[in-house]
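Presented below are the structures under discussion, each in the form of structure tokens.
Next, two complexes with chain A in common: one pairs it with chain B, the other with chain C.
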Partner chain A sequence: MHLTLEFGGGLELLLEKSTKVHKVDVPPKDGEGKVTVSGLLSWVKSNLIKERPEMFLKGDSVRPGVLVLINDCDWEICGGLDAELEEKDVVIFISTLHGG
Partner chain B sequence: MDSAAIDGARQPPARMGSRLCTRCGERKAALKRPKTLEQICRECFYVVFEDEIHRTIVDNNLFNSGDRVAIGASGGKDSTVLAYVLSELNRRHKYGLDLFLLSVDEGITGYRDDSLETVKRNEIQYGLPLKIVSYKDLYGWTMDDIVKAIGLKNNCTFCGVFRRQALDRGAALLKVDKIVTGHNADDIAETVLLNILRGDIARLSRCTFITTGEDGPIPRCKPFKYTYEKEIVMYAYFKKLDYFSTECIYSPNAYRGFAREFIKDLERMRPRAILDIIKSGENFRISTTTRMPEQGTCERCGYISSQKLCKACVLLDGLNRGLPKLGIGRTKGVSGVDSDGEQQDKRSERDRSSLQGKHGNIDF
Partner chain C sequence: MDGGGGGRGRTETIMREIERLRAEREELDRRIRLLESQLRVGGAPLPPSLPAEAEATGLQLQPAAAAGLTVDMINRYTRHLLLPDFGIEGQRKLSQSSILLVGAGALGSPVAMYLAASGVGCLGIVDADQVQIGNLHRQVIHIEAYIGQPKVKSAAAACRAINSSIKVFEYHITLNPSNALDIVRQYDIVIDTTDNLPSRYMISDCCVLMNKPLISGAAVGLEGQLTVYHHNGSPCYRCIVPNPPPPATSQSYSDNGILGALPGVIGCLQALEAIKVASAVGEPLCGRMLLFDALSSHIRIDKIHGSLPSCKVCGKNPVFTKEDFGKFDYESFTQSSMSKKSKKLSLSNLLPENARVSCTHYKRLLDIGRPHLLLDVRPAHHFQIASIAHSINIPLPELEEKLPLLRDSMRRVAAADEPLLGSNRRQTQHCPLYVICRRGDDSQVAVHILRENGFLFASDVAGGLESWAKEVDPSFPLY
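Showing the complex of A and B:
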């Protein structure tokens, strides 16, 4: 599934060359034809995060204080970890944990 | 759990945009407000976000018409949103304020130099005059120099003490009546917790005040006292505001980090926890037998101080004499500060509490 991922608020520093925008192709989990936010998080952890994954993830979710938007909509009203993604969705992760 | 949530779990997860704003009932909801759990659209969010800050300003009489106001601007999310919203509200509601951006250059290569570039862009974007004061000019030392001299331990103490004073000095240069800072509800809840954990009663009682320093030359206030960090970041994101977000290269500040993480964990389970911690902080009453530090002025530089010399002068003394540990830690009666024996006990108590000031990026 083709997705555009964007990392901001300092999260980009955890990725290779601190790139903010990533056009990616995320395969559905075996046996399921779909990609959920939960599945996307583990894919990001193994494929994009280069350092300090604990700044991004805590347990099986994002670290509290990291905001997630799916097509510019707060993931808290899109179903959270269970939200199903669709082709060409844009998913944005923004950390609120950096200095103000 | 309410029935809507249970339904939501059974049905396929709601696609974005499938829910309507609970406020206008017309547009698609874009975020869930942590404060009220309402799901509202972007346009309604702008309205309630800005209106709440306006109400906070009006209800607490933060400004008088004609005031010159310096916005403590670090280039980070909070102060950037504050500069934007305050200039909007000033226009919209005719506060009659003269607004300025005031930045402190701590002299941290690769961090503050970059964030100051953001503030310089904000100066143009919002049309607000910018004043930058530097540690180098004020104290003769950059933070890079200080870290070279003292290492990575206690450096946040120097930075916190110096920054607080630098903001005041910059504000005096700008001849402003007030300083506003971008401290948000999450920051304040965190500070309440930290002050409890440290038994710092003097700070516990004043850390929830929306305005502080009214007895001093330039009061400070926090228009974002009740504004959630999540909403500030959402606002900055939706409005595409230009802010800088990198951790200070010298700030491990682990203790505050734990408090911060704890607050965020609580928020996920129960977002109101943040406002409730602030409320608890506001309602603490200090017993009349608790001895509070008395305010005076520093004999050397004239800055407000509860001791003969202010903390910045003590720290600076240590740096200049090659004794950077001076004024750090809980040592009773630091030698060389003064030799007034009878005040020893009282002083070490004050030493301790003034040391436990806000450090790192939080002071900004």
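Showing the complex of A and C:
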């Protein structure tokens, strides 16, 4: 499944060359025809995160302070970890900032 | 009955209706003036009673005066009044509103200036810091003449210089759970432009308890974020970030940098949102979050969830009381500090004592000309700002892959010292290697890595370049 992933608020620093936008092809899990946010997180962990995964993930989910937005909408509105992604979806992972 | 015809009768009816409405309007104005005077007696800050002034000058029959604006105000805010969506009513509401700005820094600068210029009735500014030279590239409200003085004093003077008709109150303190309720109580709207996590939680909780809308903005590096909390069903900060992020993930200007104009953009947007909320014009950024990426010039506005029914502060059955608030330890909750000085925990116990030397000790070795290598493990762009003359730079994340390079450099030092013996592995390992960084944390991590990789004589220069500047070379630029 073709997805556009964007990382911001400092999360991009955990990726190769600190690239913010990634156009990726995420395969569905074996035996399932779909890609969920949960599946995407483990794919990102094994394929994109280069260092300190604990700065991005905690347990099965994102760490506190990371917002997940699917097509410009809060993932909590879309179904959280179980939200099913569709072809060409844009998923944003952004760390909340508190500098001023 | 009047034989003059229905047309004249209708005109009279309309004239009577106009007179009746005018009388009704005057009566309403009178009641508003009465209520305002009661508020003043109560000691609450309030903008000048404009209808009363207008009456004194005999202007009360002018439509504008009746809506609450003096001639001076009309002159000053003409371009606001010409906006059909804002107009006299928007300006009147703004001039009667009171707004509390927490933080007179990079975001707070444009907020304060625009609110003052726009004619907010009363502006409170909270900040415990003093103006420093390194603030001026982004904190545009402050000027060189105020360096060393409280930011609130500088900001308030600037606001008064822009607009002497508004009230400005200064709070030269850190907002904390024991003073926040009493201060926030006196204002209609709160704007959070602080630079730390515990303050973010504290201000949000306080706004929910006092039922005030919160305009929250943040910026670090080249990105900014903005939303309006606790207004029109929007969430509070805890609904969005129920558990604090780990301290290691927290970014700050002093570590990550900030492009001066970026907080200017976010601060202007905060001022705009505050004006919209104060004047009840337009749709504030409620339940939406604006994300700004300066590098790519991307602005996205994303939908975020509303107030969570389960939120313990703003939810359906809130359990968090004012009493809880007063006792809540926001610094231990977030494991970070509200004030700048103690933000970073030191790693002082990572290395054994024999693996560390003080800056003055290192200076003595330098003075007697003992051969050694000084390794600076800061990021390359830090190294370019300033460095100790003879040091070499290998940024910490690259250290392990560049160990061969380091061995070569040390071989050269050893060879230069004892050319007859040439270089060999044993010598290389015994060539003293000192490691320095900005504050003395990364250098300890580096020494740990080096010792594990056979560099047994690697030592940390304790306290880093900050200590070097304090103890040895005051001309070394601290950044």
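Here is the rule we go by: the second predicted complex is superposed on the first by the 96 of 100 C-alpha atoms of A that agree within 3 Å, B and C clash if a C-alpha of one lies under 4 Å from a C-alpha of the other, contacts with A are read in each partner's own complex, and residues count from 1 in each chain.
Keep in mind that, in the parts below, a contact is a pair of C-beta atoms (placed from the backbone, for glycine too) under 8 Å apart; a residue touches a chain by one contact, two chains touch by 3 or more.
Just so you know, these numbers come straight off a predicted model, no measurement behind them.
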Partners on chain A (chain B, chain C) - clash or fit: clash
First, second, both or neither for A:E54, with chain B first and chain C second: second
First (chain B), second (chain C), both or neither touched by A:K45: neither
First (chain B), second (chain C), both or neither touched by A:G65: both
Contacts of A:G9 with chain B and chain C, given as first, second, both or neither: both
Which of chain B and chain C A:D82 touches, first, second, both or neither: first
Chain A residues contacted in one complex by chain B, in the other by chain C: 8-10, 63-65, 67, 69, 72-74, 76-77, 92, 94-100
Touching residues on chain C, where the partner in the complex is chain A: 103, 105-108, 192-197, 200, 217-221, 223-225, 240-246, 248-253, 256, 258, 263, 289, 291, 293, 296, 300-305, 397
Chain A - residues contacting chain C, complex: 8-10, 20, 51, 54-55, 63-67, 69, 72-74, 76-77, 92, 94-100
In the complex with chain B, residue positions of chain A that touch it: 8-10, 13, 36, 63-65, 67, 69-74, 76-80, 82-84, 86, 92, 94-100
Complex contact set, residues of chain B against chain A: 8-9, 12-17, 19, 28-32, 39, 74, 76-79, 182-184, 186-187, 229-230, 232-234, 237-238, 245-248, 251, 260-261, 264-265, 267-268, 360-362, 364
